[in-house]
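In the two assemblies presented below, chain A is common to both, partnered first by chain B and then by chain C.
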Partner chain A sequence: MLRSIQHVEALSSRQISTTSMLLKNRAGKTKSTSNRTQLLTYEMAQKPHHIGVRKSWLTWHSQNLEEFRQSQPLVVAQDEVVRRFIRGFFPQNLVVSGNEIVIKRRGNVLIVAGFLQYSRRLDIRRIYWMFGFAEEFLSILLKQPVKLEMAFVESEEDVAYNYI
Partner chain B sequence: MIGRMGLGRVITRSLSSVEPALSQKLTIQPAIERSPTDLLNALSETVGPDTTAPHFAYIDDPITIPSTQSTKKTYFMAKEFGKRAARELATEWPTLFAFDRDQPQLPVFRPRHLADPLQVEPTENNLLKMISSREVKDSCILYERMRSENVDVSEKVQLELFRLVTYYNSSNVPFAEWEEFVGMRNFGEDSTSSWKSGAVADLLFETLPKTDETVSIMIAGLCKFSDHSSLERARELYKEHRAAKGKVYREAFNGLIGASSYSVGKKLVAEMISLRMTPDIFTFNALLSSAAKAGKFEDRVKAFTEIIGEMKEIGVEPALSSFHLIIKNIIDFKLLDNEKRESDEQKKTYNHQLTVAISWLNEIQNSLTGKTLKPITSTCNLFFVEAMGIHYRAANENLAENLVSIYESKANEVKMPAFTIESMFYNRQLQLAVEQSASLNRIYDLYTTMVPRLVGVNNYLSSLVFRKLAASSDRHWPLLRRVIIDGIAAGQMNGVIGEEMRKQLCNVQLHTLGTSEREQFTSLVQKLVAVWVEFSQFTEERMRRLQRKLSPSQISECALLLTRIGEQQKAYELLDLLLDETASSGDEATVYPRGHARPWAMAELFEDALRKRDTYAAATCLQIMSLTANRAKLEPLANRIFEKCNVNQEQVRIIQGFIRLRPQ
Partner chain C sequence: MHRLTHVSTRNRSSLAEKLRNAVGGQDFGKAKQIVAGGSIAVKDEHGEDFRELYVMPKRKLRGQTQLEQATGRTEYKTRSRFDLMDRLTKRPPRSEEMDPEAQKWCDVWPAARTFASSVVPLPVRMGTRPNVEKRAPFKKEGNLELVKIPNFLHLTPPAIQQHCQAIKKFCTPFPPELLSNPSATCQHLPISIEYSTYIHQGTSIRDIRSRVVTMKIHVAELKLSENQMEKLIRLAANRYDEKTGKMTIITDRCHTRQQNLDYAHYLLTVLYHEAQKVEKWDELKNRTDALKVEFDGSNTKTKLIDLLEKAKLTPGLSPSAAGCGDQKSIDEFGEMWKAYRNSEETVEKTREYGRQMKKLLGIQQ
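What follows is the complex of A and B.
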């Protein structure tokens, strides 16, 4: 009983918190390096308030418009499924960890666009097989035609816009 | 107030400036009447096929665009097999794909396993389902199972099954009729089979009553998969049925006509007419194929003329497949092979037959121009490729161009399958155009629009273009560059075409090229030499099958090209390989031990070294030349080194000693 008196004293003494506030806006801010090695793609280099001005959206559909919101949550969930599938299926070919895959919906078709890089063992037949598999798999999963429109770059440096 | 004054001033000024124009009367033109689709038509006229893009089936990226016929097939099939794997997965685990929000539900996104004939309930309904989905073998198994389990099958269902199994000869649907997977349809090959006797079709024929329909189906099936015995049987069946005053259907007649000789075929047609059956296009096609069996050229032409005349008489429009049968069979088969035409007599006969074929084709093409062409039979598309073959043989470019314009016109709905037959068609056209044309610009335009989109890069075409380039007095760097780049993509760098590439590049006169062209030349040479050197360095055990050693002639040409683009150091590193014995012997060898450096290339390299007063380079060249030349030839060369280069007494002594030791 007496032993706990010490703690009561400690609690009663008031202190000033020196921790920085966590209410700041962190989106679109990339930490720079001293030797400018941090790669920024065009998409990363533009700030969030530039969306629709200097850069575009990573998903294109009509469910954000007024009176078109019948299945907005569905679209968000589908996007996540598609992105995760592409990241998991092409792990050797991703650039910037597959964060910049663009998903476009046109009519009933879902188009997945973006950049991939050559893997260490470049086998074009394998790429074709994987494209065929991914298109058919996602089509059956989402019950709508899915097309891949991915372009290839030699390495991640090819998509660099700036180094900070 | 100021505003009003200002406005007044503006008005007076504008009035004064337009005063002379006021005398002319301004009339507003009435609006031009336009139909609702005029705008769309105008838009569609501004866009055409992108002749530089690959076929839409491929990934539009430089590295993934196939350039040869075989890579086109491989990539297409790879994509299709990927799709099939995904479908198989979804069929096996349908619950993992159970996201069912689509309305209406689309069966194409819900692949299902086919019913197993050994597991399903042996009912008529299940059998009918299998028959309607054309699962021939499965329905045969289920039918036999039903018979062994004493389940009654009604006559109607048996007839349905009989139709199916006879049409497909008790085996599964051929690849050519696959609907889902295009690759298998176009690239898969089916062997033509002969009639399976004792199979379900025969069993059903014995079980079912001998009506007009069953006998006709059987005859048609026996003729479709004909061999000697099945034909005999079909004829017997026909005779028996006719003797019993039965009527045979048109399909059976067509089958019998197609499998008989022309004289028998004519008799059968007469019998058809006596039974009040008018012959249709399939009957005439069958008659044409029976006429094609005639051994003599004159007999064939006479028969073809009779048949076409008869078709006109009764108002049956010949289909493209009819023309295909004529064109394919008009020339004697044994004369088609160039090597088999040995005697002058044979050559003369061949030329005569080719002339007749061309005049037939001319007539046919004239009759087709401007007409709407629709596919009637599955072989209609083959007419175009066969006709192009004849034009190629006769080197008739005008008719070939006319044929292409008929094929590409909007009125034509008969299309050849891409990558296989269409590619052959355009390949022949391009080869003919390249052979006939003297203008390199025209060849360049044709080549760039057709290769590799329509025509795969092939050795014959590349060497043809190289021959044209060599024969022409003009130079055409863009064409040469394009053919070489296509050759690199198509894996032609090793072998004869690679040699031709070096020869052509050595013939390029650099001073005739512009600045950017010279840069292109430099990068192309660097790329080619780097690839050849890399190929020669695959000396490790697991990579050795890829290795292509450098030959001495290749080294000398590469060194020459490198010096021309100013890379002396690399050039002499390569030339050193010729003098290094370890480079051509042992497991690590990168150079062929046989062969010699090209004398003309070495002479130019030597002159270049003298011009630069480079003693080391000149001495290297001299040493390489000494491998093939004797002392008399080497002495003047050595003297020139002493004249041009700064050599000291010691060096002179060494060179003279070296020459003295060469054989006389």
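What follows is the complex of A and C.
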């Protein structure tokens, strides 16, 4: 009995504690700089809800169509493998950290498109060799022909849509 | 899309000051010079000398050389870029070199390919801008949106024409009989086979739905007698469409399309031969067992003929119209009657029934 009275007293002194909202939604939000030096590509500048309206997808295949979902998880895993390989294999030539690599699938062919830059070092023979190696390696790994159709730009500024 | 950049600034960099001092920092304050020079003027909390460790590198640092260059103290040889040869051999964009009027585009872009801004001589732009009048949409070079979308630059009208010319030798002319008379298709080609091939991306080209085969047979072309036809229709059940006169056989129980096709042909053969068989119990067939209500042998026919004969015998009742009540008009009425009895009753059909009946009996319309 006594304990319960104490309990009630303790309850009466309690209050609902409130804190400010934690606005954790960070997708598509870019932080601007005071001197407008932060580079934004078109892909970055458009918000996630603009996908399919203002910007299109970074992966093109038929496995996400109705009645064609036969190996969708495989496709997602393959995409990640390809993206990581390209990021790791062309570290000197990446544009915006290799976040914008387009993967297209046509028939049994996997096509990797996007942009690379040569501002640091232009070694044409080396690039040809690396393209050949990447194509061959990914073809063996994924058991299907892989084509690299990546275009070179002078520097990262060439893909800049805006500076904020 | 989000990219983190760590920009660290050294707020208290002593190195820069030391460099400035080394180059010609005579105008700096004395105290600063002492500190920068690594003097022993600074005491630590124990009162001992704080000897700052600073090892000047033997080579001149970048800032030092830049300052010396700027002030003209020394002359430095300007060296060309180490990748100069590669940069010189770099080709200018092909779109600038090419003459779009003279060259064949099919040779430049023969097959499906990702958009390449250096090759396509079109002044295209893609992307949105909040205010297009102020700033034009994103340019062709380095435009990822143009790279993403599938293009049809390999399917220009001349390219399609070229392809058609190339495969023309494999084509046979369309049958002229069918061109002149399209309705004769079912007569010349009584069996049509439908199947679907599914093309989609993936390492496997198999699709289980491609095994389904639909076979459509124009039953009238089987040249069966009336009894045989009725038996075939009864065996085919709901596979026979009365309106079009076509029987549809859909086979999907085998694994491959070829097997299903063979099975469909087998089913057709079996149906055909089964329909031709005459069993003992076929003779037991009654009028009520027929698929359709027949005019011949019906109560209506007997009553009608009886009525017509009575009318002929009656002297006062002479048929007004010529030829009413003869065999031809009875047959005509019979056809109408059969259609009326074997289909859904509508207002028009009932009116037609009345009209025919009046005509048969010679009553004024």
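In this section, the second predicted complex is superposed on the first by the 139 of 164 C-alpha atoms of A that agree within 3 Å, B and C clash if a C-alpha of one lies under 4 Å from a C-alpha of the other, contacts with A are read in each partner's own complex, and residues count from 1 in each chain.
We adopt the following convention: a contact is a pair of C-beta atoms (placed from the backbone, for glycine too) under 8 Å apart; a residue touches a chain by one contact, two chains touch by 3 or more.
Every value quoted in this text rests on a predicted model; they were computed, and no experiment measured them.
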item	value
Clash or fit, chain B versus chain C on superposed chain A	clash
First, second, both or neither for A:Ser32, with chain B first and chain C second	neither
Touched partner set for A:Glu43, first chain B, second chain C, both or neither	second
Touching partner for A:His61 - first (chain B), second (chain C), both, neither	second
Partner chain in contact with A:Ala151 - chain B first, chain C second, else both or neither	both
Which of chain B and chain C A:Ser97 touches, first, second, both or neither	second
Contacts of A:Tyr128 with chain B and chain C, given as first, second, both or neither	first
Which partner reaches more residues of chain A (counting touched residues only), chain B or chain C	C
Partner chain(s) touched by A:Lys143 [first = chain B, second = chain C, both, neither]	both
First (chain B), second (chain C), both or neither touched by A:Val159	second
Location of chain B clashes with chain C - one stretch out of 5-13, 41-49, 221-229 or 401-409	41-49
Residues of chain A at both interfaces, chain B in one complex, chain C in the other	71, 122, 124, 142-144, 151
Complex contacts: residues of chain B adjacent to chain A	59-61, 63-64, 71, 74-76, 78-83, 85-87, 89-90, 97, 99-102, 106, 109-111
Chain B contact footprint on chain A (complex, rising order)	71, 74, 118, 122, 124-137, 139-144, 150-152
List of chain C residues in touch with chain A within their complex	1-3, 5, 82-83, 86-87, 89-90, 112-114, 116-118, 127-128, 138, 141-145, 147-150, 199-205, 207
Complex contact set, residues of chain A against chain C	26-30, 38, 41-44, 46, 54-58, 60-63, 65, 68, 70-71, 96-97, 99-100, 102, 104-108, 111, 113-115, 121-124, 142-144, 149, 151, 153, 158-159, 161
